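So the structure is just underneath, and the comments pick up after that.
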């Protein structure tokens, strides 16, 4: 009974940029999935933008426990229909882990309801991630801080709703800070945003990053059966009311009506 | 220096349903705006679905401090472009108060990122609203509970993100409960959802409801200048870094690039 | 590798009141522990007020993963020293589940920082608990609502800090509502308050209540090693700073000082 | 109708340390109060540890809207009785602004329920505070970041409950980060913790710091009448139930009983 995971990769720079291709010969998504598969409790596969339906058919999503999302240059190429499908899977209980430049993905903005914007600088500077919530399951085995010697800077203000929990906060060499590990719940789905992961640096080969991702998958997993109707708004007829009541007053709706949406 | 408010009304049942027309001869929006205008610190006008651009032009929104939204039967008729315009105004600091069946409005779902669904029953039953946060500014002058003798039932589970604050919780005669007053922040904008207000009952003539709405407008008002670029993600060039850093490592972006969205 | 649990019972009415003794012949704590022990992944024992150190020695707490707390008439008899010991265990990662009248226990008020007060009525009325967070791990296997035919009423306003998550909300026959299942995090410790459990009713024999408690123990369990110094505030000497800095400006503290508390 | 404020100062180093005395000839509390009094809407006075009842008599607290608290070396000398008195005032609606080393004050730990610990270093290093919540009332008039050239370092993990809102996050020259502006609500009282303010540096002469404190006082002010019984747990007799119910089942309490605490 392993946790079924899809690592979704945009797979654009992995193909077009030699630096990225050298770091991640089979694509970033494959590197991330291989790390997850090192845990016997996780069964990770991959999907990419170029796959039919971006590799995210309804049938496949129904059988997925946690989805990781890395995108950057081609957010606009992701189909709105697939985004809604993924959103419904999350609302029904699928975990979602959004990586780095995925802050601007359609699915993250869709679920946050905010711009998810930030300031940025690509200068290969040092990032130091601090644990703000000691012994949170997502930082199991992580020391109070760890460093990534080369990373892109993302700076506050980060345009997100107030998180459920702020787990990690980053310090950057150039003077900025960033909430780099934040949790949310959307419907029955656990959502984690994790900042590091610029494609021209070896971030996904870092041991602490690998540990955080393994932890995050386990944290995001909701073992209960998927809610298949996360948008339903059922009418409760008077005669089925839990306490006896008598209908009274003027009515707008007719009996058995579905209501407006 | 009064708070500039728009009360937006769908204005469909107000025109088509005699019960609603008798309760609110000039429309629900006008009744709500009249109440707000009883406060010398508030200057409320109205806008309706049928107006050009639904009465919500960019120029008008820029000069609006707080928007109240009542819709029910025609959520789908609201233009997506106007919804994005309103969303950006909220993110930039405009307050938003969503009323009753507005839980299913495009703008509320857009800002919450969740279905905002619930169970419901139109039976004219008694609703009792309990204050969960004593002396919250939104319940100034409100006793620990108040009743609405005739209301539509909305029941949990309510498909919203965990609120910033749960201010009011409703008891229903038929056996349900509901988080009927909840606050959020989206960008610089304060958001309040307030449950009561079914169109076939005289809810907006109720003194406690009127008080809550007056309080909510004052609470939602952000007196600071509107942020006009709530979606920007500015690049910070290396030479403008706050601490001296030297660019290093491979780069993906070229200098002066806007970045991906 | 089972989850080690202590069910702490005040054990006063269990001894003195015939109704309670008939419902719970070996005490409420034993009934609750027996339910937990029905799960092979849990190893539950009991402790009572009358035990030396209330059964909560430092040695025992160090080896406890989750503590359940039921108290009512004798909150004041619990030693402040034991309360601090339990608080430190929670801050270090022990889970805590506070039951019913435990809302007024020293340990709950200590960790919340608020009065935790409410309104109440002992009339054997019907309580209906509604799930506000579908598929939350604490309500695994629980329908959207369940009823307890006889319960004491607790009503809002409930004097707690805004919860991390509101999982359950109660409806009462007499007209009140109550946030009856709320989560918190204090340090590394997960805290859950669960409302039902008046001693003169058979609440802890109810199947849904038993399921919630089993779920809550698993949810509250933090598998990481206990933080043994949850109150430390370590000085970081200049020479150990992660980035090279030079000490400057006037100083208050002398080198190696522990700082003020 | 001005906001009535007390700035409470420990007033120990202000007397004993020449550096502090030179920076704040009349004490830090007086400097802070003078800044607040520059706003015609605020009426600030001071109180110090050495005053009878630490200057915080019940009569004075009842007439105070917002209390600012600066302490460091003598937290243990503050009387527990006065701490409870202040806590009750906050729960009843008085605002509380805790400054710098006040993180370890009895009143802050009492209201948070957590250790409020952190790492620290006194090296006169540069602190840069970033706004995480644009246009929050507390940062009105503050740019996206500001610097304090000389400050004591406080580092994460900061042992606080998850804040209601994280308004400011600090970057430190030596490599740490810290949530330096966080809000809470305790009962009807708004609480703000603001990190800067080490006594050997001129922090309270900084214009941005002064602006934050002025904003924070206005934000913390709850204009509603003080709740004088924030700890009450009233019994609601059956005959006064809002919905007609009949008492049934076995009882523990006798009629008119106050209940257990």
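So that you can tell them apart, the chains are marked A, B, C and D in the order they are listed, and the count of residues begins at 1 in each.
In this text, a contact is a pair of C-beta atoms (placed from the backbone, for glycine too) under 8 Å apart; a residue touches a chain by one contact, two chains touch by 3 or more.
Worth saying up front: this structure is predicted, and the values here are computed from it rather than measured.
Although chain A and chain D carry the same sequence, what matters here is overlap: shared residue numbers make up over half of all numbers found at their interface.
Each chain gets a centre from the mean of its Cα atoms; the one farthest from the centre of chain A is D.
Centroids built from CA atoms put chain D at 36 Å from chain A. Centre-to-centre separation between chain A and chain C, using Cα means, comes to 31 Å. Counting partner chains per residue, chain C has residues 128, 133-134, 155, 162, 164-165, 173, 175-176, 185, 187, 242-243 touching two or more of them.
Chain contacts in this assembly form a complete graph, since each chain touches every other chain. For chain A in complex with chain D, the residues that touch the partner chain are 128, 130-134, 144, 155-158, 162, 164-166, 169-172, 175-177, 179. Per the touch definition, chain C reaches chain D in the complex via residues 13, 17, 19-20, 72-76, 87, 91, 101, 104, 110-115, 117-125, 150, 153, 155, 159, 161-162, 164, 173-176, 184-187, 198-201, 230-238, 241-243, 245-253, 259-261. Interface of chain A with chain C (complex): residues 93, 128, 133-137, 140, 145, 147, 164-165, 173, 185, 187-188, 222-224, 227, 242-243.
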